[in-house]
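Worksheet: one structure, shown below.
For clarity, chains are labelled A, B, C and D in written order, and residue numbers in each chain start from 1.
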Amino acid sequence: MPWDRNQMAARAADELEDGWYVNLGIGIPTLVANYVGDKDITLQSENGMLGMGPFPFEGEEDPDLINAGKQTITELRRTSYFDSATSFGMIRGGKIAAAILGAMEVAENGDLANWMIPGKLVKGMGGAMDLVAGVGRVIVVMDHTNKHGDSKVLKECTLPLTGTGVVDRIITNLGVLDVVEGGLKIVELADGVTEEELRAATQATIV
Amino acid sequence: MQKVYGSAAEALDGLLFDGMFIAAGGFGLCGIPELLIDAIVESGTKDLTIASNNCGVDGFGLGKLLDTKQIKKMLSSYVGENAEFMRQYLSGELELEFNPQGTLAERMRAGGCGIPGFYTATGVGTVIAEGKEVKSFGGKDYILEEGIFADVAIVKAWKADETGNCVFRKTARNFNPPAAMCGKVCVMEVEEIVPTGSLDPDHIHLPGIYVHRIIQGEHEKRIEQRTTRKKEDA
Amino acid sequence: MPWDRNQMAARAADELEDGWYVNLGIGIPTLVANYVGDKDITLQSENGMLGMGPFPFEGEEDPDLINAGKQTITELRRTSYFDSATSFGMIRGGKIAAAILGAMEVAENGDLANWMIPGKLVKGMGGAMDLVAGVGRVIVVMDHTNKHGDSKVLKECTLPLTGTGVVDRIITNLGVLDVVEGGLKIVELADGVTEEELRAATQATIV
Amino acid sequence: MQKVYGSAAEALDGLLFDGMFIAAGGFGLCGIPELLIDAIVESGTKDLTIASNNCGVDGFGLGKLLDTKQIKKMLSSYVGENAEFMRQYLSGELELEFNPQGTLAERMRAGGCGIPGFYTATGVGTVIAEGKEVKSFGGKDYILEEGIFADVAIVKAWKADETGNCVFRKTARNFNPPAAMCGKVCVMEVEEIVPTGSLDPDHIHLPGIYVHRIIQGEHEKRIEQRTTRKKEDA
């Protein structure tokens, strides 16, 4: 049985190492925070905060304290605040060890598309282009196929790119793949998913 | 050096003109210059180009300037919260220059710091790189992004002293310091003006040299996504 | 009688306008602070401070509080501190209204040399190149001639430049000159100095 | 994430190698990493290239590394306080790359912010521009300066918490934040390590993400120019 959203998030949390500063994207990546366990992980919110805490208790929301998804959050003992130029300075400068992001499409060369569907969805890239260009390791977490059953793991992206050759690892409901020389390499299969199933759902070259 | 003004309209007096370029602080609805936006709506100044990470929401923040069609062009990284924006953009009434969020912040800081251009890996190989100079450093490609120089910056801080030294609160800092820096004139609204000398010189986030006019006022500080947890979850 | 150091400093102080942020160089420019009177002038020290105060009382020196000349100073009620990148950001970004600087040579086109005598004095430019390239107005205060009696106000600088075409006004012991199209223009003569004396001491073209 | 080390030597363990590039904080003798400099003297690591605004004075600060001839090259804006520096430089033993002070600070920040190059008007038409690319923006010439990427940054703050969040005191901040940013590894010495949570998150000058190793120790904090006025002058 393929992984559900929480299992994917838990699997992504395994990628994180003690002491890392990490940026989590919107959607499934946000759930990763629930699975870091005892590891000493500091979450960055790119609107200007390191040490992002959980949602506030009801009635304790602070309009001056939000995350990059504009949700009310809380601070921790280790928290620091800074402006947007400084925040993206640390992203661009490689100080963030990893970003875990959602995606619309990933290609076998590590290209990522996750910000635009021409003529349909024109919201903007936010900080995604800066993140994929700057952080140490880019991990994508997404469903392996779209709602029509088409593979999102492609030979080439068809949508406008967020970055070229930026993805290191892909975690989907079917398993874990690494971007390597010549294509993707299967690192792990989700519980009960066969290699054949994963290959059948993958348009990209698997090496 | 009298920087304190009585109202947003007074603070903007003589600064506004049709076709001008404004840099605005704020992220989403957090730390936005609510009072100055209202005064610009009131002024009727039009054909504005505005550099701001977002464009408010329908009917609040910079969204108010969309409703009145005072905006000609936005430089933003994300405008997904705003149906009126989409409508005007898709109908060709509104121009939009997408800037990656970090590129936008750095372009503002660069303008304020007298840096007309800098190289970044952000956007290489994407639509953002189109028409931009590419240069290789250490075997890797970077694109040239230009500093932003705005006619006026409109920003919001928590507290300022009478010389314009100011402090921000939590994540409401965001784009406010870089936006303030890149304005030829910077107009700032705060929740409280405090006597000069009451802010610790080591705690000032933006020195008064960047701030030309200050007003104090009440802020709605609307929350965009009210997310909470229950006490028993803790 | 030509102006002495204090008279030159007092004359330079007349250049400053209420509300200005100003950077004063080492030497005679430092004395300008004594003559600003009631004007609301905020002094920048480029090592990271706005609102530079006077020297401390004896016994109150703070090693963490020095000016760009490495002298112990004090803070004022309006003072703010910041790092060197921010400090030179405001200089480069034109936020400092004026710098008053000493000089070894000034040329009629506004070129300035004030940092190096090849083979002899190799201390470094410190912040001088940033200041002349960035601030709103560059005012030079210096003796009109060197100790050998040679003019320091030249057709062309002979020493390595600090900046090209950067000087707006020159205040010397003999008077005040502006850099204008085609050469220098006499703005004012020091008390008792004749135009002939000033012209005789000036190698640059006076228009 | 254990960042606190017992001594400067322990904090530098495994980081030093001959020919390495170090960025150092401080301005004059103010805010310099005294303890880490001493430990580098002790280590004997040689052929160092050091980016630092100054090179200490004879026998103190980075001047100690001149006395032991461990420095191969300096990137500095001002080295006028140091007779041994002049001697080694004029005799050809020491290389020197003059950087205008603001260019040096911005090059460090740029390196730390992933910006490999930026344009500045500083130095245009001077010896500093030799060999550098010139580009025109808005009809004015600017030169290309490159980001600094150091193997190790050695910096000094006033207080840090155990996660490396730190605060500086008065003008001892100076080059320390940009130097810290541009190091692949940043080692920081402080006067006091405080428990995490005791620094206000809004007052932190340099977030812990930039700081990899921390030591606490006693600082001499020598004053270079002791200037005072008499009480009766006031």
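By our rule, contacts are C-beta pairs under 8 Å (C-beta built on N, C-alpha and C of every residue); 3 or more make two chains touch, one makes a residue touch a chain.
What you are looking at is a predicted structure, and each value in this text was computed from that prediction instead of being measured.
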Chain pair with more C-beta contacts, C-D versus B-C: C-D
Farthest chain (mean CA position) relative to chain A: C
Chain centre separation (chain A, chain D; CA means) in Å: 35
Distance from the mean Cα position of chain B to that of chain A, given in whole angstrom: 27
Chain C residues counted as touching two or more neighbouring chains: 75, 81-82, 88-89, 91-92, 133-134
Sites on chain D at which at least two other chains make contact: 106, 109, 113-115, 120-121, 168-170, 201-202, 205
Chain contact graph, described as a line, ring, star, complete graph or other shape: other
Which pairs of chains touch, using the document's own definition: A-B, A-D, B-C, B-D, C-D
Complex contacts: residues of chain D adjacent to chain A: 1, 109, 111-115, 161, 163, 165, 181, 196-197, 201-202, 204, 207-210
Contact set on chain A toward chain B in their complex: 45-49, 54-67, 69-73, 75, 81-85, 87-89, 91-92, 111, 122-130, 133-134, 160-165
Complex interface listing, chain D residues touching chain B: 106, 110, 113-121, 135, 137-138, 140, 142, 146, 167-170, 201-203, 205
Complex contacts: residues of chain C adjacent to chain B: 18-19, 21, 40, 42, 44, 50-51, 75, 77-82, 88-96, 133-134
Contact set on chain B toward chain A in their complex: 27-31, 53, 76-81, 86, 89-90, 96, 98, 100-106, 108-109, 120-128, 158, 168-178, 205, 221-231, 234
